[in-house]
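One chain, chain A, links the two complexes that follow: it is found with chain B in the first and with chain C in the second.
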Partner chain A sequence: MQLLIEAIGFGIAAGAVIALGAVGFSVQFGMSNILNITYGSLMTLGAYVGLFLIDRGISPWAALAIAGVVVAVFSVGFHRWLLAPLVRRGTRAFAIVIVTVSAGVVLQYVIVIFAGPEAKSYGEQSAQTFHLGYLLMTASQVTIVLITTVLMLALHLLLTRTTIGRAMRATASNRILAQSCGINTDRISDIAWFLSGTLCGAAGVALAITTVSFDFSLGAVFLIPMIAAAVLGGIGQPYGAMLGALVVGTASELAAAYSNPAYREVVAFAILIIMLLVRPRGLFGTAWATRRLMT
Partner chain B sequence: MGAWEFYLVVILVYLGTDLLAAWGLNLEFGVSGVANLAFIVTIAAGAYAYVVFTLDTPAAGGSFQQYVGGFHQPFPIAVVAGALAGSIVGVLIGITGLKRLRQDYQAVAMLVVSLMAATVVSADTPFLNGNAGLVLLPQFTPFSDQDPETRRWLFVGIVAATCVIGYFVLRRFTTGPIGRTLRAMRDDELAASAIGKDIVAMRLAVQGVGGAFGGVSGALLVAFIAGWSPGAWAYIETLALLTAVIVGGMGNDRGVTIGTFLIAILVLQGVQFLPQSFNSLRLGLREDMGWILLGTLTIVFIWVRPQGILPERRPKYGGGP
Partner chain C sequence: MRILRNRLASTVALGTALLLVACGTSTGTTVPTQTGPLSIGVIAPFTGPAAEFGTLLTAPCLVATDMINAAGGIMGHQANCVSVDDTGDQADAVPNVTRAIATTSNFDMAIGLESNTAATTVPLVNDAKIPFFTTNGLSSFNTNSLAYYYRMTPGDDANGAAFAVWAVKQGYKNVAIVFQNNIGSEGNLPGLTAAMPKLGGTISLNLTIPADAASYSAEAARVIAAKPDALIWSGDPQTTATFLANYKSLNNGVLPAMVTATDSLTPDFFSAVKKSVGVQYLTDQMWLVGSYFDQTTPAFNTYKAALLANSKTHDIAGGLSNVGPPAGAYDGINIMALAMIIAGTTVGSYYNQHILDVVAPKAGATVVGNFADGAAALKAGKTIQYVGVLGAAKFDKSHNSGGQFAADKFGADGSATQVGVIDGAQVLQLLG
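Up next, the complex of A and B:
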């Protein structure tokens, strides 16, 4: 029983990090209908920017914010000047995904060239732990769960209570109709990619905080659980992605606790493959979203 | 054997195996529209099958490596085993990709399959010696009475002969009635099935044949380099092949041949000739630059010339009013 509760605790912590990434990924797909595989390398970029800042004495949490902004700028530029023009020209979805995979590889190896291939670490984190019954979490994990909860709440408020949020939801739902309502969809897209880029960079730093050490493959490795979470929840549905992240995180930790730890990743892979084969629209995706997926 | 001569042998072997693999990927993706980003797994299957067929039983090797099989077969049988393994794995991958998903979704699913395969093989040590991989293959059996130099050139000859035969087999699938049916399936699946073509059977058949090409490629490669581990078939290796296909010309066999020449020789070998100072900065820097170059090439070509250097020849039907 103790093992179960501990695993669930780890699962919540892992789920929080995955949620940061999955929600951003989902927003990008919902807004632009693009599976942005470069997201993984952008997370790596966030982690390394965070490393750069932390090595110069900046606190990890400030570094998280700054790295988020840096990656946000990269994301907006990437979408606006590479992806959006390709889509406008009628490039097929498959070619776009190849572009994002290739861009991810290029970015990853540029990072390697500048920072080196060896493992890096953010150094000693506070060893303080929190106990709640059998639940055991480190201070960093608790902070990340809190930060993620705050960010998700902020996103929810943005999407539902602000004009920009409504414009974003409108653009994601039906771009042409949104344009005819007078919404500047290009600018709204830029804003969406900026926000999701922030989440991406924050996710990268959060990942680096929670892992003992990391290298340039950080983003590539964690991209799969994030896509799994996003697909599970319903690609394009941020709230679904949050729930999906919890499920993926908990399932992975349970699998690691009760069987081979190496199978932690396999759980995420399996969830993703099964969802894609059985119910591609995910748990909360609409039937309309499925049409988008089947074209 | 001089260093340059050996280098030439290495390049030719790599070129030959890359050609077989690129042709297989082009058959699946360029001609038939199957977004198989897990192609590298068929190559790995062929390589592992070859290894498992040529090695002796694990106990005979002092239980230094753990693996299934160990049938101690001669070279030709092991290569056939490689082809079969590649084919079976190709069909299995095809079955996972049967759901009529959007192409980019399918591509991501295949990428995940390839990652999953690498993770499972790495983690499950009794299967294929996990992350450490398999080494110590016996020398390949034909021409064992010749000296090593001549045997290397004879191996190049075997690879070349396989390529020639492979090309003729390939043309049977990419041209003529079969080729036209596959392209019809790629261009408009609904229309093709409306006139009675069995889409599922064709897709699986194409993945089987493409997988066989991959399997032979892997088997020949591993026979040469005499060792194979999950590090050799990371998911980005499919990208190198995909770049060759896209740059050369999707759906055009000659184009893909040119593309493979360019990628295998100019890019992957070209970076080896970067100034020595690059490598003294850090080990492996040249390979990293190679990947950056490949990725950039793919993006540039999709932006500027997505049909590739030699575009697919669209048949022109003459006559008419």
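Up next, the complex of A and C:
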């Protein structure tokens, strides 16, 4: 029983990191219909920006916020000056995916040029732990869960209670109709990519805090469970991505606790496949989301 | 008609020439020659997660070639190290090694061919008739009939048994095994699980973990619950750092003693673990077990001095000089180079038959520990026995030469110190 509850706690902590990345990924896809594989490398960039700041005495949590903004700016530029022109020229979706894969590799190697290939670390973690019955989390895990919760709530409020949020949803739903209603969809796209970039950068730092030791492949390795969470939740659906992240995180930690840990990710992906067979649009997916993914 | 006659004449001439060459070979009087510098293939991962191996295996090649070239080369041929990136992945290794064999001029020696890709790279290099000293530890090569294969370090199964011997010797009778899921790490498992009960020890937990996961909290919690005296561990720097940090956080800052392989005596491993759990853990609680070699011999001193003298290897000399496989690669290059001189040719299919002559003990032979001394002795008409960094090689029928084992500890600067010896005969007995 103790191991079960501990594993669920670790799953929530892992899910919190995945959620940061997966929600940003889902917002980006929902707005632009672009499967942006560079996202993983942008997370890595966030982790290295965090390292740069922490090495200069800035606290990891402040570094998380600053790295989020830096990656957000990169993300907007990447969309505005590379992806959006490709879309305007009618480049096929598959070709755009390949461009994002290539850009991700280039960014990874640029990071290696500046930071080197060896493993990096933000330093020793606090040994402080929090207990709630058998539930056990480290101080870093608790902080990341809290930050994720706050950011998810903020995103929820932004999307549902603000004019910008409503404009984002309208643009994601039907760009042409949104334009005809007077919404500046280019500006809304920029805001969406800024938001998703912020989450991406924050996820990079949170992931680097969690792994303690990381290198240039950090984001690329993490991209798969993150996409799995986004797809599981219904790609383009931020709330689905949150739930998907929790499912993926908890499933992999339970697998590590009760089976051969070597297969921890296999279990998570098996659940993903089964879920999609049962519910092809994902947990929160709509027919709209499926259509957008297919076009 | 004249063209036909010319062709016929050419064919007859070519056939006669081939016949003469064949006759020459059978009588041992004619040997082929090569021109230009010789290439030593360092077949190892230079990209990907195991890229550090490439750097670590290039180092012994660099210092061996420095010394060979400073001594005038091998029969006048300069020697160069050529990186052949096997990426640590068998699917990439096959085309990359095949291409290197086909396109590298005078590809006459190879080192590396580590465990991750050895199953595919070893047959390729052997079929190309290139003698090679492999650093792989796969037990599947403990018995083989590959003519060009040589291994100077024990198999991974023997290493695993040596881990058990050292753990029990330190009083760690209840151990948890945590190995990363790669072929090199898991190769230690059979020997370890066979030896531990024979030594009166118990294995409270045996886990295989994936590399570079975001968190190992659940795995660490399982190990903590098993209450082992020590961890017997195999993992890359990043995986080790993450696991230990998770363990420390979940266990009120307390870490278990660790027995791992000397393969971890690397700057990356030291740096990653130091940053995540502190240097004191590395210096006080970690034992690194691997091939033993006497670190007071002239051969070792020459090797270490050369590592320190080369600007490309200087920074890693402290740890690297204590690790068996790179030392075996260095010895291997010297042995192959001296075999070339004995054979009078640099061509692998010819000098290969003299490799065992270089290391065999012979009455009246001059014992040499480096290329320059060996070449000079041969030039003076003496017979030689090469006794290198790893000591006297005793190759069995499969060209494997294992020996004693040793335990090392890290110093605070990442260098290594040998702290104990493990009897090789005891290890082999535990495997039997």
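Just so it is clear, the second predicted complex is superposed on the first by the 280 of 295 C-alpha atoms of A that agree within 3 Å, B and C clash if a C-alpha of one lies under 4 Å from a C-alpha of the other, contacts with A are read in each partner's own complex, and residues count from 1 in each chain.
The rule is short, and it goes like this: a contact is a pair of C-beta atoms (placed from the backbone, for glycine too) under 8 Å apart; a residue touches a chain by one contact, two chains touch by 3 or more.
Please read these numbers as outputs of a predicted model, since none were measured by experiment.
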Superposed on chain A, are chain B and chain C clashing or fitting side by side? clash
So in the superposed three-chain picture, is A:E265 touching just chain B, just chain C, both, or none of them (first/second/both/neither)? both
Using the superposition on chain A described above, determine whether A:V17 touches chain B (first), chain C (second), both, or neither. second
According to the stated criteria, A:P280 is in contact with first (chain B), second (chain C), both, or neither; which is it? first
After the superposition on A, what does A:L3 contact: first (chain B), second (chain C), both or neither? second
Pick one for A:D190: touches chain B only (first), chain C only (second), both, or neither. neither
In the overlaid three-chain picture, which partner chain does A:P117 touch, first (chain B) or second (chain C), both, or neither? both
Clash check vs chain B: of 9-17, 99-107, 315-323 or 351-359 in chain C, the offending stretch is 99-107
Which residues of chain A are in contact with chain B in one complex and with chain C in the other? 117, 260, 262, 265
In the complex, the residues of chain A that touch chain B are 35, 37, 82, 86, 91-99, 101-106, 109-110, 112-113, 116-117, 224, 227, 260, 262-263, 265-266, 269-270, 272-273, 276-277, 280, 292-295
Show me the residue ranges of chain C that touch chain A in the complex, using the header's touch definition. 49, 51, 181, 207-210, 212-219, 221-222, 225, 237-238, 240-242, 245-246, 248-250, 252-253, 267-268, 271-272, 275-278
Looking at the complex, which residues from chain B come into contact with chain A? 35, 96, 99-109, 111-113, 115-116, 119-120, 122-123, 236, 239, 242-243, 246, 282, 284-285, 288-289, 291-292, 294-296, 298-299, 302-303, 306
Under the touch definition given earlier, write down the residues of chain A that touch chain C in their complex. 2-3, 6-7, 10, 13-14, 17, 117-121, 123-127, 129, 136, 138-141, 207, 210-215, 217, 221-222, 225, 253-254, 256-257, 260-262, 264-265
